[in-house]
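Labels run A, B and C following the written order; every chain starts at residue 1.
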Amino acid sequence: MPHEVKLEVFEGPIDLLLNLIGRRRVDIYDVPLAAITDEYMGVLARMETTDLETSTGFLVVAATLLELKSSRLLPARETDEVDTALLEGRDLLLARLLECATYREAGTWIAAGLEIGAAWHGRTAGLEPHLVDLAPDLLAGTSPEDLARAAAGALAPGPPAPELDGFFELPATVSVREAILEVASELGRRGRATLEELCGARLTPIDVVARFLALLELFKAGAVDLDQKERFGAIEAAWTGEADVSAALDAAEDYSLGRGG
Amino acid sequence: MTVPERKVLEAILLLADEPLPAGHIGEVLETPRVEVEASLRELARLYAEEDRGFVLREVAGGWRFYSHPDCAPWLERFVRERKSARLSGAALEVLSIVAYRAPISRAQIAEIRGIDSDGVVRTLLQRDLITESSRDSGPGAPLMLTVSRGFLERMGLRSTGDLPALATFIPDSEAVEEMESKLSPGA
Amino acid sequence: MTVPERKVLEAILLLADEPLPAGHIGEVLETPRVEVEASLRELARLYAEEDRGFVLREVAGGWRFYSHPDCAPWLERFVRERKSARLSGAALEVLSIVAYRAPISRAQIAEIRGIDSDGVVRTLLQRDLITESSRDSGPGAPLMLTVSRGFLERMGLRSTGDLPALATFIPDSEAVEEMESKLSPGA
């Protein structure tokens, strides 16, 4: 029997899109993809400078997809440049989604392997007492300063480790509609802000997801402009002043961040 | 006194508390590595044939005695490791990326996943499933991540080369088409 | 699935770090102690007959696998030339935690490191770098760990008070404050 592995942790845009598509919650085309596809086009543009291994893995998936798709494209279709660009953007997005789906699938295999492996226990007894004295000095080359450094590393408070496991099991307490209202009022006041600033101190993943979706909706409604200078750089939102927040609010009802639904 | 090689092999393996490379054993026995490897394989085969409670396994680049998995239900109270919580989906995803792409930097993982994954990486480091390996050459080069020896041992793999081809896990064409149709205008 | 008793016995013995009383094994197998003892004696006899590299011996009221004395010359060589003769990163970390925060329990170490560290603690105990000191007062109190006299001697320290101040090694003053508050007794 295959092991049940929980794979429903949303962590960010890619994950979120993948999940939403998988669950048929969202017609992905309704989400304004321009902001996202730009990012993927950016990847392609930078391919020559990225390391070979990363880019080839990505390209293999992309090539497979394009081949898959070519049969559908062969019959002449009315395409202008914009359509082509859109199409390429979607292919890149799909390639990214597929790549993630592939690693995710590999992850379930690994989970099963780890589960099976738990039944194997290695011998730990080590050296017998009469042999221990013969062993080389373990402390050779270790100074008190090395110890202090190790202790400092271990005892110093690190950044709090985010505990993401299973958070999505909780009923969502944040609605995208509320997020839109908050983001809109914040942006109306400030003029522009990054996604991070909009999330403030409440950087729980679900807050980020809600605000990210809120920004996309506001972008679609023409209320904000989005800008991201580099991949994983800050997503910057600017208030356009041509706000149609109500349209965004109406659209947002389609999203449900809760369980089931 | 002549002592059979098999006997010495068994005695050395008994002392191992981590996978022991055949080459190290060869140095002690003054025997070429390939011969030691052949003897080890034969020994492992014999234990299996005799249905022993111990198993000799080649994992993580070496050889080590393990208890037979059939006996696991009786062994719980002798095992020191505590059961650890199941990994989250995100952690498994990062783990598979590291397994297939190692050595890989945190930034490269983030690039693949489209999200900063440092929290998950920290969890995996703490659970000793991945490890920070040598830095890339050059100043300011990032720490590179690989799977740990513990991961390979737990998975029963000699190296990451034993992993199934990544292509095995690419979603089937039906799933791809479905995804794709969702991305197409007016589909 | 039925698993032969001999197989389970072998698996249990393989995992034993210390001589295991027959009574304990009997509890796990739900078999009377005398029967377990008979099985163990028979197993020991078989290993001797098969001229194995390991022997099963009853020592200090318990049973444990030992390497065969015939193999001693090779084992001594193996131990002297052991590749993993240096402290691992994890071992250094645990040792430093014990040095700076002794007396400390295994559970407290695990809490600090965010990972079960019993295996590392065992190695350090075995190599006489740390030692188990008196139990905390009270029933069910855990064994507390401190660094050993041998450790202090080899490091050239009169006491752990001679260790370098941690503050020097952490640039961030806030972090130091927080850490020191953790270090103060009763914190």
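Following the convention adopted for this analysis, contacts are C-beta pairs under 8 Å (C-beta built on N, C-alpha and C of every residue); 3 or more make two chains touch, one makes a residue touch a chain.
Remember, predicted model here, so these are calculated numbers, not experimental data.
Visitor: Work out per-chain C-alpha centres and flag the one nearest the whole-protein C-alpha centre.
Guide: Of all chains shown, the one whose C-alpha centre lies nearest the global C-alpha mean is B.
Visitor: Computing the C-alpha centre of each chain, which chain sits at the greatest distance from subunit C?
Guide: A
Visitor: So, what's the distance in Å between the C-alpha centres of subunit C and subunit A?
Guide: 41
Visitor: Calculate how many whole Å lie between the centre of subunit B and the centre of subunit C, each centre taken as the average of the chain's C-alpha atoms.
Guide: Each chain reduced to its C-alpha mean, subunit B and subunit C end up 24 Å apart.
Visitor: At which residue positions does subunit A touch at least two other chains?
Guide: 121, 123-128, 131, 161, in rising order.
Visitor: By residue number and range, which residues of subunit B touch two or more other chains?
Guide: 14-15, 17-18, 54, 65-67, 75, 78-81
Visitor: Flag every residue of subunit A that touches subunit B in the complex, lowest number first.
Guide: Against subunit B, subunit A makes touches at 5-9, 11-15, 21, 27-29, 43, 50-51, 53-54, 57-58, 61, 64-65, 68-69, 86, 90, 93-94, 96-111, 113-114, 116-128, 131, 158, 161-162, 164-166, 231-232.
Visitor: Mind listing the subunit B positions that touch subunit C in their complex?
Guide: 1, 3-4, 6-15, 17-18, 21, 24-25, 27-29, 51-54, 65-68, 70-71, 74-75, 77-82, 84, 126-128
Visitor: Touching residues of subunit C toward subunit A in the complex: what are they?
Guide: 14-17, 64-67, 75-76, 79-80, 82, 85-87, 89, 91-93, 95-97, 99-101, 112-114, 119, 122-123, 126-129, 151, 154-157, 162-166, 168-170, 172, 175, 178-179, 182-183
Visitor: Show me the residue ranges of subunit A that touch subunit C in the complex, using the header's touch definition.
Guide: 121, 123-128, 131-132, 134-142, 144-157, 161
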